[in-house]
Amino acid sequence: MTSPYAFSAETFKRVQPSEYYRKFLEQDVRPDGRAFSQFRKTILNAGCISTANGSAVVRIGDTTVVCGIKAEVAEPTLDQPAAGYFVPNVELGPLCSAKFRPGPPGDLAQVVSERLRKLSEEYIAFEELCIEPEQAAWVVYADLVCLNHDGNVLDACQLALLAALKNARLPEAQIGEDGIVRAGEAFTRAITIKRPILAATFGLYEGRSLLADPNASEEPLLDSLVTVCVDDAEHLHAVWKSNGGRCSLEQLQRCVELARIRFTELSALLESSAADQ
Amino acid sequence: MDRRRVQGPETSVVPFPLLDDAAPGVVAPPLQAGKRAGGRRPEDMRPIFLRTGLISQASGSAYIEMGRTKVACAVYGPRQIKKQQGFSEQGRLYCEFKFATFACKKRRNHQRDSQEKEFSQVIVQALTPSIRLEKLPKSVVDIYVTVVENDGTASCLAAAITAASTALADAGVEMIDLVAAASLAYQQRRPEGDAPTGENTREAGAADLVLAQMPSLGDVTHLLHRGPVDWAQMSRAVEQCIDVCAKIHAVMVHSLREHSAAEQ
Amino acid sequence: MASFGLVSQVERDFVERGVDVGIRADGRARDDYRPPRVELGLVSQSDGSARCQLGDGTDVLVSVRCELGQADPAADDRGRLAVSVECSPSASQRFEGRGADDLNTELSEAVTRALTGPQSGLNLRQLCIVPGMHCWVLNIDAIVLNYGGNVVDALLIATRAALADTRVPRTVVQEMEDGAMDFEVDDDVENAQPLEHVHNVPLCVTANKIGAGYVLDATLTEELCASARLHVTVNSSGQVCAAQKSGDGAIEPSLLMAMLQAAKEQARRLLEQQDEQIRRHETEIAAKRARGEPVKRPSIFV
């Protein structure tokens, strides 16, 4: 006879999510069967949207992000007359999760967009985007749309962004006497990426366990999230820690190690998808 | 100035093509041996790829590809209606339709413009007759449609209606019948089913038709036609669309069956 | 279209049964249209205006003003139209404040759809002043003064009449020494030109599905009982320019074709009547001018 206080697993997960999670962690495994330092299966598909100059679709587990690059021309700013623009924006709409409401971007979308923009200052060659100093420069709009939000959208966005930039092609453009910019028919010009930088996100549970790539059911239970961005020379470009909660130095070092391993995995993925094109 | 987004320059334009003689408006190529570019007959549609359940967070979802048109649709609900909207005995459908900024040849804004708002209303009107709303008092079913790539606006709208109906079925919302939608463009007095952007132009005489139907009952749930055509052409076009709807219905049923078989 | 007002089940039954046997509350047959009363040239400050009344209920006033504007780079050899429809709060309490926003958007879209695009027939090139730089923008502003059903049809009848009444001020373009073009607007009203091809502008007829049948030109009560609506826009060559269904119900294909057919026939009759009326109006004005009599614009309150 089952005791009246025994619940089914589903009910227990709903009613006591933290307890439910702890029971798995005590056995050194996570509810979806992954090890603590294991990232979810990542799939990358580049160049799938013909209306965009460059595009990529990334799936990390169930989290799906589409990135589309469109290029237009504008006058450069007064304080940077020989530089182009790069405008990344992330759309976390009500389509991808019940947590988001229709309307202008919420907090998470604004934070992710700003982080992508900050990171882009390290690897985008803005001077190469200039067509004619003080007169015309390329504006590269990178819009990311999340189709399914199952946690860790920042990693997926950065990977999609980089893959889309790699396969983006702009036409050769010249400014004429009349001030009108004209472009050729062939799309041959690539966007220079100084060095590839990728992000890896980890979560800390109760200050003790370090979990890689938290999904949407794990994220609300963690006390802090740490994102580490590394490049191909194993240099650190950014470390972000959110959600107040403590993180020891050893844990931080472990994050950087795991991020470097993750980088090698992901850059192999980037290379193979570029080769497929 | 949208303060919540990363800002670019105030205005930006697409560069002109370098050719001096601007190409005259694209004219549809004449039929070669009775077939269009791509080997299709005038009444054929492009092959459809329809899959449900790709958006795990939603109650129901569908992703459709028709040629290069790609549309994703998610359904959340039935949910409680907001207090300000008052009591309603019948449930309501709410739809938000949006082209992704990179989906069309010309970059679109982040905010929804009047065409997207109109399409949102069209989707609601096309689907409402098929849903048993009297079983959902005080509730709203939210439908969110994002077009990832647009290859022909009329066929995009038809794909969106089809995907939305499939997603509603995937979410388990009680309905009388699925709604299938077909589109058609008139090229120089020739009706051609499911036209992509290259074929459909806005030159004088270009017109298109989108028709949504519940194939089992035969009732037309929506009709949207633009452009001047003769009466005879129009009645033939309506019949052609109704035939195509039956074929699309078969595809929808097949994908729903596959998905539920896979789940078990 | 959002319904304004309530209708009881008994009233609904009454209307539906009437439509089944072909009798309507005001004695008309299913296809009968209330004869529209159109008056031209009511608003003296605008470049063209018209008012349309359908029966006792529906009253719509449309005014057209020509304003100077920048040419759209995508269509730099033509002018453009800007349509705005507003439901006045005097027509119904529900139109107060932002209550009528959705309805206004829908009506504006309906009129814009009929007037823009390849089917509109107006010669927009006539509105170009300096290609690529300046053009005339026709601001078409409509107010619904009284809502008695079938407002979309009334709007298009009034708009077409207002466009026929519109006179575009003449412009004189001069080339300056440095190659730039400058222009001057001629203030003399007598030199203003009428719009070309107004007879190509289409009209809309709305068919409402009630029960298992349909009616044309529904009154407010009939609109509230309708499960679906079909707006059919037809031009004077007999071509169907646009068709759109609205409302939450479904229509069987045979009824759909019957509604389209009936609407098309009725539109043809309306177009003929209106063209005749515009011709008469212009002949009268020309005759008055020839006799040297002042041409007094009737006031809206007379």
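Quick notes on this one:
Should a chain be cited, it is by its letter among A, B and C, assigned in written order, with residues numbered from 1 in that chain.
One rule holds in what follows: contacts are C-beta pairs under 8 Å (C-beta built on N, C-alpha and C of every residue); 3 or more make two chains touch, one makes a residue touch a chain.
Since this is a predicted model, take the numbers as computed values, not measurements.
The minimal number of chain-to-chain contact steps leading from chain A to chain B is 1.
The busiest chain interface, judged by C-beta pairs in contact, is A-B. Averaging Cα coordinates per chain and for the whole protein, the chain whose average falls nearest the overall one is B. In whole angstrom, the spacing between the mean C-alpha positions of chain B and chain C is 29. Averaging C-alpha coordinates per chain places the centre of chain A 51 Å away from that of chain C. Each of the following residues of chain B touches two or more other chains: 13. Shown for chain A are the residues that touch two or more other chains, of which there are none.
Contacts with at least two other chains are made by no residue of chain C. By the touch criterion stated above, chain B contacts chain A in their complex at residues 2, 4-19, 54-58, 68, 70, 72, 74, 76, 96, 98, 100-105, 107, 110, 142, 144-146, 148-151. Against chain B, the residues of chain C that register as touching in their complex are 73, 105-106, 109, 113, 117-119, 228, 230, 235, 237-253, 256-257, 260-261, 264.
Those residues of chain A that touch chain B in the shared complex are 48-52, 55, 62, 64, 66, 68-70, 72-75, 77, 85, 87-89, 91, 93-98, 102, 104-105, 109-110, 113-114, 117, 139, 141, 143, 145, 147-150, 171, 173-174, 180-185, 216.
Residues of chain B that touch chain C in their complex: 13, 114, 117-118, 121, 125, 128-130, 202-207, 214, 217-231, 234-235, 238, 242.
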